[in-house]
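For clarity, chains are labelled A, B and C in written order, and residue numbers in each chain start from 1.
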Amino acid sequence: MLLRILDFSGIAVFAASGALVGVSKRLDIFGVCVVGVITGIGGGLIRDVLLGINPPTSLQNWPYFATAFAACLVVLILHPEVRRIRSGVLVLDAVGVGVFATGGAGIALASGAGALAATIIGMITAIGGGVLRDVLVNEMPLLLQRDLYALPALLGAMVVVLADLSQMPEDAGLIAGSVIAAGLRLLALWRGWNLPTAPRLAGR
Amino acid sequence: MLLRILDFSGIAVFAASGALVGVSKRLDIFGVCVVGVITGIGGGLIRDVLLGINPPTSLQNWPYFATAFAACLVVLILHPEVRRIRSGVLVLDAVGVGVFATGGAGIALASGAGALAATIIGMITAIGGGVLRDVLVNEMPLLLQRDLYALPALLGAMVVVLADLSQMPEDAGLIAGSVIAAGLRLLALWRGWNLPTAPRLAGR
Amino acid sequence: MLLRILDFSGIAVFAASGALVGVSKRLDIFGVCVVGVITGIGGGLIRDVLLGINPPTSLQNWPYFATAFAACLVVLILHPEVRRIRSGVLVLDAVGVGVFATGGAGIALASGAGALAATIIGMITAIGGGVLRDVLVNEMPLLLQRDLYALPALLGAMVVVLADLSQMPEDAGLIAGSVIAAGLRLLALWRGWNLPTAPRLAGR
């Protein structure tokens, strides 16, 4: 139940982040909603396509879609206010990364994916929406460049898979993975952690 | 039968629009055909992937592919002429939007998709090819920015789903939806209708 | 067995090409690995999604993923050296194009795809990774613009399908198609062959 609430929070926050990007790119209101909804449910769409879940869960069940759409409407009306509560949005975004990564890995395991596939698909569930958002508005995906973002998702998914391999109860893995992923993401934001780029190897 | 002819017209017109973009981006002749074919059949490809129709219809049945390819060849040879009949192309493009949206929604319903999924997948069938075209040539998709384009597709798909829910004959929904979508698209082109961007909320 | 070794060589070389692009775009080390791995296994991912092979082969079997990942690590550490052996990389890349195109077509036929679908899916297997790489780093895909690249892939896939239609032994088609595709690619590189752009038709 808690995880379900967090799941919908993640969709709403991701959708709002996409809608904000759409507003700042001066898209029309329909374009803002398209980018927002895709950012909110895109990670899950890719997960379902990779796992062969047809039609995708977020289209077959209206609450997912409605949550994403409602978040876009809120942004359209209140975007200056939403920007002002940026730190709150970032915390929810970190929670979204954690919940999406662990939930995606759990669904993949339940669909018969192996350990590696479940880990990767979990990570993709968490970062796919943001990547689609950036591709649609013609930007290089931010998460490739800076800001520890995909690594927490990868770790969260990995925790779920390891918990499954060691036959721990599923909820324990989901909760532990979400906490670890969200915590690492928040730590990275707070401390400004980044991954290095490739060494230049100058002078060789 | 009429819908079938319109369907192939839609593929041809979409493919031609993609090929024209390829020509103006100075792609080589193979690149022009790749972008053109993907624009023509891309919406249906995404529809089939979301619905789990494998391999996709437009690859398993050569007339779809051949139609798209032939349209690209015509553009390669006659692109100045094609540009000159731009208003004719725009009318056919509007028809394509209508037919693709309603056809996509109909196929989705027949594959067991729910009302929401069928509506969204119908819209994606109509706009997916153009979005893939713009992503491939590294532009922000036009339809996010201006020009009432996706909304007619959404309405057309919605009509098909509503007709299905109210147990009207399938053809009635397909024809009504196509006419409404194409008509709205043409009206928007003729009157220069656009959707607004998000309000600035200045002074708050 | 030989084809298997070539297959893994193709993954490694494609992944290395993606990682090199990531390094030159100044992505962080995680971003370099993401772009590299996607370039290495992306063509196969798209193939599996189009054929309904869920979860995709390259995620269900760790050697594929591990090969791509290892190639990225090598590039991260040794990228100046990798650049220096550029001609060797180009030869392996040509081999990769051939092996991916024929292998993709063979897998498509085995999954029940028709002749056209198998040809196109074979070509997509060979070029998909590079297209995803260019879309992710926000460039127009190189192969649309110049450098005979997709055409050898198309021909290689076509040879496999024709061999299947004429009931030749599968290995003969795979080997012949790979040799033809890789050979044509190398010839094009060596002689600087390009396809023309669309004729201007000036003066009409």
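Just so it is clear, a residue touches a chain if its C-beta (ideal position, glycine included) is under 8 Å from a C-beta of that chain, and two chains touch if they have at least 3 such contacts.
Because the structure is a prediction, the values reported are computed rather than measured.
Residue numbering at the subunit A/subunit B interface overlaps only partly, since under half of the positions present are found in both copies.
The angle of the rotation superposing subunit B on subunit C, based on CA atoms and rounded to the nearest 5, is 120 degrees. With each centre defined as the average position of its C-alpha atoms, the distance from subunit A to subunit B rounds to 29 Å.
Among all residues of subunit A, those that touch two or more other chains are 49, 52, 135, 138.
Those residues of subunit A lying in contact with subunit B across their complex are 22-23, 25-32, 34-35, 45, 49, 52, 54-56, 59-60, 62, 65, 75-80, 135-138. Contact residues of subunit A toward subunit C in the complex are 49-52, 108, 111-114, 116-117, 120-121, 131, 135, 138-141, 143-146, 150-151, 194-199, 201, 204.
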